[in-house]
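Each chain carries a letter (A, B, C and D) given by its place in the written order, and its residues are counted from 1.
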Amino acid sequence: MNPVLNSALNTTINPGMAPVATPFFFYLLAGLAIAGGVLVITRRNSVHSALALIGTLLSVAGLYLMLYAPFVAAAQIIVYAGGIMVLFLFVIMLVNIERVSKERRFNRIWPAGVSAACGLMALFVFAFVKGKALFPDRLMTLRESSNTQEIATMLYGERGKMGQYSFGQYTFTFEIASLLLLVAILGAVIMTKKKM
Amino acid sequence: MPNFVMSYLGSTVTPGQAGNQFWALIYVLIIFAGVSVAVVAMNWIERKALAHFQIRLGPMRVGPHGLLQPIADALKLMLKEDIIPAEADQFVFWVAPLIGLLAAFAVYTVIPFGPSQAVSDMNIGILFMLGVSSLGALGIVVAGWASNSHYPLIGALRSTAQMVSYEVAMGLAVVSAVLMTSLNSTGTGTLSMIGIVQAQQQQGTWFIFKFFPLGLLAFMIFAIAMIAETNRAPFDMAEAESELTAGYHTEYSGLRWSLFMLAEYAAMIAVSSIAVTLWLGGWMRPFPNLLQAPLWEFTFSLFPGLTFLGLAAIAGVGTARMPSHSFFRIQRIGLGVFASLLASIALLLLLIAVAGRSADTSIAARFSEGIGYVYWFVLKVAIFMYLFIWYRATWPRYRFDQLMRVGWKVLLPISLGVLIATAIVGVIIS
Amino acid sequence: MNAPAKDGTQDVSKPWQSEKPYLDSNELIINMGPQHPATHGVLRVILKLDGERVLGTECVIGYLHRGVEKIAENRTYAMFNPYVDRMDYVAAVSNGLGYCEAVEKLLNVEAPPRAKYIRVILTELNRIASHQLWLGTHALDIGAMTPLFYTFRDREEILKIFERYCGARLTAHAFRIGGCQYETYAGFEKDVKNFLTFVAPKIDEYEALLTTNRIWLERTKNVGVISAADAIALGVTGPVLRASGVKWDLRKAQPYAAYSDFDFEIPVGTRGDTYDRYLVRMAEMRQSLGIIEQAVNAIPEGPIMAKVPKVIKPPVGEIYHSIEAPKGELGYFIVSDGSTQPYRLRVRPPSFVNLQALDIMVRGLLVADVVAVIGTIDIVLGEVDR
Amino acid sequence: MVDKYRSQYGSALEALTYLGQNYLSVDRSLIPDLLRLLRDGEQFDYCVDITAVHYPNRENQFDVIWILYSFSRNERMRVKTQIADGASIPSCVSIWATANWLEREVYDMFGIRFEGHPDLKRILLPDGWKGHPLRKDYGILQQDKEWVQINLGIESGQ
């Protein structure tokens, strides 16, 4: 790993924690994540791909742990693996769409898919090459601590005292997210609304 | 070698913190063995207690008073043929019980049997537990799907919907407990399990008694939600024999089926240990602050020994009253051996307790202290286990839609209310 | 779905027809097959489900059909007596009473008073045993495991009394045409009295377990409701009819076998749902205890067998006689052509007719309720299929 | 009550009693409306039973019997009619819903067809069964030999 990142990491961890980020675990988890991702796409049976996706999510949670962000890892397990994936499996089982109709629809739109993938690939390559210039020194400065007060101050600056926080520069993004959720909920209600 | 071992015995830091993988492995093995023994004991107690509730005797043939029945069951299940339905999904069918088991046992890495008796003290302990226990629902969904037959699918969907909806109520109840931890001097709460128990110690009250109605209410919600979470007693819609034959594990047989049973019991113990840690002050003995005097300290440290002595006495009375017919001779010997085993454990514990009292810094003192912690924790969990059985004997089963109604329309609003009330009271007091 | 008519009584004559012309995509047809834990015997119910909700049911019966009525035409009157016990094997004694009384009516013979009293005592004991078996299995279907063991322990006492009286426990061939075969064994009254004092607190135990049990109420209140008008139209009788508010009991309306000498009330429900049927049957058990007590205290002395010719050859003619069996009105229509064998013997089984009401009670409920409703109608397949 | 009907229907209706149980022996043509009249006019609102008796040597071979009971008057009544073999009789499911299964059983056992019955098919015997067991000409061993041998392929039990 490049020295800058390593030293930055070491300073941020509190002294009591022995380094968990041993290379062996890192490669294991990263490998698992990639393998899971590949499996998700290649599997014909939708339940298998869902399981593979769960595998990926869990290994990513492991990666977060290695980044000394247990809270994010736990959130990842609860929200993604425990919550959303269960509902995914629910939908797969309940709707039980036959495979044939899926394939026919999939085949017709593959040109659009490929072009979108190429666009995304170009974006990644561009960011990777120009890395330094684009994000000069935006290293992860968020230090992990079990003290919720510290986290609050880090996230929301000094105003993060108990109860009087305001989102500062994140307000706009927060509103968009909630709007998105609202749309999703309405969609769900309309789609499942049977003539009772 | 001894001082090497001794140094570890005396360690006051959980292996996780000490970063010592080897010692953590030992702890994990101890906990696995402990939980398996607990599951075996639970199996026996459930059958006997349920039987005595229903004015019958329960297993009496296999070993004295059916003591060897769980072992016989385990053997039977191992020898049973492992049938996989024809078009079942081989891989998924094989993986499902493993997911269930993984979810059930992963929780034990964080359960604190004592201030330093836990595999690792994650600072997100309670979150990790909720996350992993919600993975259990995956195992069930996938099992229902893989059996590729009508009833298990419906059973699986039902039990998953039930688990997901009760997780919400459970999570909120847990949050209100965690809120209480932040009312100590430093004003910052903690998610780590050991931290929660220490907070209860500092605040001198178990959270069940804190802000009187709120703590109890949150505890009640958690107690109800945890029964639904493990598909037990009044909420056992999944294996409602009368309609869906046996729910999601209909197609399983033999060892694979026993994995599901193991997962269910392990989940029950895990969930009730969360309740104990959060509301009933984990490993703390009753009235730790009030009765500080060394005399009290000593009497409480005698409790483990006395309990085993009581058990040994019961077993002894059992051997004495065993009928003298030749058929019972072996059983009488068996029960006698069991009684003497219990008696010897009792003696050992009493010895440690007495030795511990005399010299404070000696290994024995720390040993008896450690035993005390584990004993009180296990005692509280055992009470919960008995409640599970009691519910199963008395309550009929909820219908599925009533179950969901209770989950969403009753438990959720109350737990939200309790959460808000705890927050308000907390801010006002601190 | 046949929408219920304005005044709440559905047009019951037309069985369920699905308005939807095509089989709806998520309409499920589940077979609650002949061997299913909750169908109290070999009854197959085809459930047409929309998701969890029941659209309609169709009962397929006949798995236990033994052709009892055909056999009757080839047996003499006395030889047919044991067959009658095999129909509703849970309440065998009351079957026997019905048959013997029907033939006695045909022969225009009256059983002596002592025989009548013995008959009443044994039939009421049998009613309690039948209700206890119903309560045990019904509670088990809804999930409460414990009542089953309590009820079967107490039922054991009744079966012991039958065994001491006539040698058989379940299908006790207790009565003969013209009276009873056996004089009551020494200590019969003492046993019955001990039983009365033994079982009274036990019924309170069942009540304590279930009557105010939150989940029991939730699972049985407003489940399987049938209005009085529908019940009468469907010919439903017994506790199911009384739970719907019709105060009618053959023991009071058309008393037979010394029932006129005893006073007892008829418990009646109001809403006609599963909970009311539960209450009616529990009250009926208590009433039966009262009847037995009065009968045992006032049992007359005297012969136990009327003068009945060795070979029973009733005059040509036909009669219909019915009694109040634990499940409802059990009737015998016997046509005799003067020979020793009945020309035609028709049995009117209460379970067969009550089962017909299942379709009405269950529409719109959930699968779990179908099990509860089958339990509450209290059917015995031996009687349904004959 | 009986004479009111005799005046109305004249010869087609005949009231008899045996051992205190009165019953009407009625001509086949009166059947659906007389029963409806009995239910509405005379409150015989509970149809206890519908059954039949087979008299092979009579030209009208079958007796179809309705056993009625009136709750309000606490009284029983039987209505009998005679029909020839193969003749059908109007169904009274629309009068009493209980008739549905009772008529199906009479059809199953005797082969008497009921017109207007919602779904007249066998109720106790398997659908593919040939013959109607309760007819006098149907031997008692036939049921055993026929079904057991053909379907189960084993020698009959008797």
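Basically, a residue touches a chain if its C-beta (ideal position, glycine included) is under 8 Å from a C-beta of that chain, and two chains touch if they have at least 3 such contacts.
Keep in mind the model is a prediction, meaning the values are calculated, not measured.
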Next item on the list: Round to the nearest whole Å and give the separation of the Cα centres of chain A and chain C.
Entry: 64
Notebook entry, point to check: If you average the Cα atoms of chain A and of chain B to get two centres, how far apart are those centres in Å?
Noted result: 33
Check: Taking each chain's centre as the mean position of its Cα atoms, how many Å separate chain A from chain D?
Finding: 74
Note to self: Could you pull out the residues of chain C that touch at least 2 other chains?
What the structure shows: none
Checklist line | Residues of chain D engaged with two or more neighbouring chains | finding: none
Next item on the list: Mark out which residues of chain B touch at least two other chains, giving numbers and ranges.
Entry: none
Margin query: Testing understanding: with touching defined as stated, what is the shape of the graph linking the protein chains, line, ring, star, complete or other?
Written below: line
Checklist line | Full enumeration of touching chain pairs | finding: A-B, B-C, C-D
Next item on the list: Name, in rising order, each residue of chain B that touches chain C in their complex.
Entry: 50, 53-56, 150, 234, 236, 240-243, 245, 392-402
Next item on the list: Mind listing the chain C positions that touch chain D in their complex?
Entry: 12-15, 61-62, 65, 67, 69-71, 73-74, 105-106, 108, 230, 232-236, 246, 248, 253-254, 317-320, 322, 329, 331, 333, 335, 343-344, 346, 348, 352-353, 356, 385-386
Item checked: Touch list for chain D against partner chain C, complex -> 18-19, 21, 45-49, 51, 53-54, 65, 67, 71, 74, 76, 78, 93-94, 96-98, 100-102, 105, 109, 118-119, 122-126, 133-134, 136, 138, 140, 143
Item checked: chain B partner contacts - residues on chain C that touch it in the complex -> 30, 37-38, 52, 139-146, 148-150, 153, 209-210, 213, 215-216, 218-219, 366-371
Next item on the list: Would you tell me which residues of chain A are touching chain B in their complex?
Entry: 16-18, 45, 47-48, 51, 54, 70-71, 73-75, 77-78, 81-83, 85-87, 89-90, 92-94, 146-149, 162-163
